[in-house]
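First subunit A sits with subunit B, and in the next complex the same chain sits with subunit C.
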Partner chain A sequence: MGPIWARVTVIGAAVVVLAALIALYVGNLVTEPPTVSATPAAAHEVQLKLKTEPAVGPQGANAPWVSYLVQNPEGKWIHSTIYQVPANSLVHVTVYQFDSDSGLRNPFLSQVQGTVGNTMTVDGKTMQAIPPEEASHTFAAPQMGLIVPLRGVPEEAENPCEEGPCSLKQAHETITFTIRTGKPGRYRWQCFVPCAAGFLAGFGGPMQTIGYMDGFLEVV
Partner chain B sequence: MTGTVSARPLWRRLIGFNLLWGIVLGIVGFYFGWWLGHQIHAESLSFFESTNQNDVALMLGYVFALVGFLVGLGFLNYPLSRMRGHRATQAEKEEGGVGRYFTLCTDHKVVGIQYLVGIGFFFFIGGMNAMLIRAELLRPSPQLFGAGNYLTLVGLHGTMMMGIMTSGILGPFANYFLPLMIGARRMAFPRVESLTFWLLMAAGAILMTTLLFGGFPTGWTGYAPLNDEANYGFDSYIFFFALVGLSMTLLGVNMIVTTITMRAPGLTWGRLPIFCWGAISTALLMVLAAPVLIAALLMVAFDRGVQTSFFLSSAGGSPYLFQNLFWFFGHPEVYLLALPGFGIVLELLPVFARKPLWGYRIAVAGIVGVALLSFFVWQHHLFVSGLNSSLRPFYMFSTEAISVPTGLIFLCGMGTLWRAKIRYRVPMLFCLAWFFNFFIGGASGVFLSDVPSDVATHGSFFVMAHFHYTIMGGLVFAFFAAIYYWVPKMFGIALNERLGKIHFWTMFISFNSTFAPLFALGLMGMPRRVVTYPSNLQPLNDWVSVSAFVLGASMLLFLANVVYSLVIVRKPAPANPWDSHSLEWQTPTPVPLENFDRQPVIDSDPYDYGVPPVPVPLPPPAEAPAPG
Partner chain C sequence: MNEPNHMRRIAIIWFALSVILTPIVVAVIAPTLPPGDATSAADNQLSDDTLLLGIVTPIAVAMIVYFAYTMIVFRRRGEPTEEGPATRDNRAVHIPWLVGTTAIVLFLATFGTVELADAGAGGGEGPEPAFKMTGDVLPVQVIAQQWEFTYRYPTYGGVETAHLELPVDKNVEFHVTSLDVIHSFWAPRLGVKADANPGVDNVAFVKPWQEMSFDIRCSELCGLWHGYMFDTGQVVSESAFEEWIHEQQRTFAPATKFLPKYSTQYFPEPERRAG
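Right, the complex of A and B next:
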């Protein structure tokens, strides 16, 4: 053992290194996708543009996983599922849906609920429900009473998107709906269609990972 | 701390077989296995091809990483030397200096200290994960980590604590003190002893790599079919527990053989220190239970890597099979954690009560009885899984019956304390707290062994409160009792008594303040492993989280005591600070390389307090300096 100052110095250095390692460890764990704000449209109204891709490709850490993406106010597509919208406002949502159907296990979820008028439009046609077997995903926030089933791209469609980034020139469905937000809070939303290809029963992987098929609506 | 300091320069020592080269070769091995896995991985082999996860490559990476690690540490040197016809030696034992703590060393005292530091390191990480879990639960909805990372944190905490801490007492204390207590010069298989430690360290490092591969969502139980669905990260769980199981099996064999064959003359089974009974009973459980876990994990690895279907019901397998195999290991494992604690507490009580251990043979019967019965209770974990209901009464009865031998141990403890003039030193405080905690843990366990109440509480925080009371309240309190008690022998320096008492009271109060409310949370319906909970449970959860942070701070107090006492002040401890009659305290400090100058002969039991003191052998007189 060396003199006491040397021992104290070594201990101090060890504490600093340990603290840095802990910070790195925790920082790595708390990392989540960026929060993307909806684009202002009018007073108390915003526009939220989303797309679903059958495989996120190089845009995400798990290239083969199915995923949602969001367009930021600058028009750039971002790989995130955390969206910030204003409280007590109308949110006009547009989803460009590129994935094929997987089918719902619970037909109840094929009915549109919680949107303005409990309706949506699919490729311009107003609908209140879709056949359960045609569902590819849902955009559902149970705490807000919101369920929107997303119809899948037909298998026979020409020029389908296999892997992101998907272009609007490729086969897709365009779904629009409007929701009215209430009080501020962080509301969990998720897909209820077991769409995690490659995982048993379609669950696991992207279905349980924030940034892919579930996320948050941050109402502020 | 024995041995001679190596005269070789630092640079020369760095390029020998040591931890540094173990890590380097381990990394090289990993990349080789990863590369190999990608070469041989056929399209048809991957059930999960669309997830782009090549489990075969990752598993081969871990296998070759382990091989490289052990080669770098020097584990092939001896067998290769013997193959070349060289004489058997214990050259690893002769190596002196600090370097022997970072390589293969056959001195059981070095291995004991290696275990103490290594296990302490992973215990710190496991505890830190617990703090992060409680930070997340400060609010009812996810706020810090999200559901996926929260599950990984819960899994990492549970897996690390249940895996690494199984060797928490046998590793450091039985390796160091069992040979001293039975009058042996070494363990029966010294290289195997060192191997068990380095396997455990490799296991811990592999488990941490799960963070690089997305974590795992299964908790520490790793049930099917989750273990098939899970990401890449689950492969680290498989290798972690398999290596821990291998380490436990080898450690157990070593303990059993050492105790049976290397006891000093006169050390009959009736005179064997009660700690050694705890150690050998634990070792027996390790040898019988851990191989089952290894086999189960091998089957999971095949399911994930090469498309077998042992546990996949969709392909003819049975998820129940995994549950049965896991708990055939898992419930004895709970007693792997408890039995050494029994041994420690009963070993220390007579020293601080200054009375012989009351009912020595009853205590031995209690320890052995718990060990044997622990193999007949595992299905109480499956009461709500859909198993044949006609099995329930048997497992309910067998589980409740285990309270009988446990009660014998309590009886012996209470008998020893009865009318004793107790010395309330820090190790004794931890022993007394052990009785309090383990009683609550045991009593709440009755509710979980009873089918009707188990159905209501299964999978809730009630279960979590119960097993933390038994494992942390039992094992960890005994672990700290052992540290405070034996550190003066291991390092020649005692930990500060005042800081030790502050540590104890902070830990004891905050431990109970953390885990007692979890019973209530469980009864109110809060499930385990779920990141969200109803908002009406927030006040109680916040209380628990704050208490847990104080509990974490008490561990930092302990670390501060270690640094203050062992590094800064370094005040030498008396040769036998507790006036113990046990054999390990009759050796000089530091303990010589071969432990004893001559073969000790045992003519009394180690708990003869209250009878005339045993004469302590005097050191040989120093030679007078030559005149002139």
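Right, the complex of A and C next:
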């Protein structure tokens, strides 16, 4: 093989590798986590169980990233933030919150909005708002008028979960609330707390990635 | 055969088309263009756009007529002819072109500066605006954050809400700021567009003239949900606004007690997780 063909082969191989890397990058950008359906509870009522972990660990591609997880109807925890719920129904949401507080930039978001009764329960106690500095995350869908601040696990708590999978035997807060869904649609939801450790202003990485602290509520 | 006076022909065609098209553009097309005339700022923008369209229409017609005429009259017929001599230093063309374009640019710069100082044009004017509305003014703070706008009404106990409502026929003074990255508050139908920068108080004025709904969007690429950072605002009657704002005060009393004292800018803490 002459020098020209050797050069062509090297350049061709480099082009193929570059194209594969671009395809991988683009594929990663457009790939969404799996859609997980809420568990039927009664007529026009479903149950959605979520948990937040300070680091998702081996369950996710980015082990150190903070993340939401969801329980599927079979009771298995899935690393996803795309949830399917029925339209014009009641969705009973339970969040097991394992992360410590980071604090809200905007204290306005420390008030529960858009749930049935505009309240939530935190470890069994009904609340309308929490002190903004105690917020660890929010479950908020602005286009649905929904904002639920999630109180962080106290720093002095015993047996905290540092990395997922977190167990209910470890320190956590249990937050419950109910939302009434309206017409079908795909509504984005997000965390408003700058909780992305190590990223600029706490809003990079998991805060900018669907599958961690952002996702969709698919109302069908 | 004598060569006809092409420039004279072009001038006649240009003049005839301009006399027909300019009034159509100014009187028929321009009034239908966004942002409409529902507010003082939007109306100012529409008036400016109408004047500029009135100026630019004959200019555009002149260029189109010139190119169309030359392409038709001087097109190649039959076999290619020999290339003509190069034309250089045609002062009869250069001087009027330079004088004309300089005059237009200077006029536009002067006109834009005067309009901006005289009416604000609905744009963010920074913390010390050159144009200010006087008299009874309703201050409304627009707070941008990733990824939602919220609004504070300092004259109503500093209540903050997730939606924007304004009373009709009242001067409104927007104070636009951000809690994190650069956003931009854009309400096209209000004729208001102001950058939301962290730690900056960007002031813009508007007076809504009719009750209506209007779209609000972020017009600065600000992250994952930038495309979802939108809302619908309302301009309502004075009485409906008073009823609404008092309801907001009652509804958001639990959050209001946690809000910092009203300020034209905020430097929120904590950022414990920030890198």
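Convention: the second predicted complex is superposed on the first by the 191 of 220 C-alpha atoms of A that agree within 3 Å, B and C clash if a C-alpha of one lies under 4 Å from a C-alpha of the other, contacts with A are read in each partner's own complex, and residues count from 1 in each chain.
What we mean here is this: a contact is a pair of C-beta atoms (placed from the backbone, for glycine too) under 8 Å apart; a residue touches a chain by one contact, two chains touch by 3 or more.
Keep in mind it's a predicted model, so treat the numbers as computed, not measured.
Of the two partner chains placed by superposition, A:P154 touches none, neither subunit B nor subunit C.
After overlaying the two complexes on the shared chain, residue contacts for A:P64 are found with subunit B alone; subunit C is out of touch. In the superposed model, A:R188 lies in contact with both subunit B and subunit C. In the superposed pair of complexes, A:T209 makes contact with subunit B and with subunit C alike.
When the two complexes are overlaid, the chain among subunit B and subunit C that reaches more residues of subunit A is C.
Of the two partner chains placed by superposition, only subunit B is touched by A:R7; subunit C is not.
By the touch criterion defined above, A:G198 lies against subunit B and subunit C together after alignment on the C-alpha atoms of chain A.
By the touch criterion defined above, A:G117 lies against neither subunit B nor subunit C after alignment on the C-alpha atoms of chain A.
When the two complexes are overlaid on their common chain A, residue A:V26 makes contact with subunit B while staying clear of subunit C. Residue overlap on subunit A between the subunit B contacts of one complex and the subunit C contacts of the other covers 188, 197-201, 203-204, 208-210, 214. Contacts from subunit A toward subunit C in the complex involve residues 102-103, 105-111, 113, 118, 128-129, 131-133, 142-143, 145, 147, 188, 190, 192, 194-204, 207-210, 214. Those residues of subunit A lying in contact with subunit B across their complex are 1, 4, 7-8, 11, 22, 25-26, 28-30, 32, 62-65, 186, 188, 197-201, 203-205, 208-210, 214. Subunit B contributes residues 48-52, 128, 132, 141-142, 144-149, 152-153, 211, 214, 217, 225-226, 228-231, 312, 314, 532, 563, 567-568, 570 to its touches with subunit A in the complex. The touching residues of subunit C, when paired with subunit A in their complex, are 143, 145-148, 150, 160, 162, 179-181, 223-225, 228, 231, 251-252, 254-255, 258-260, 268-275.
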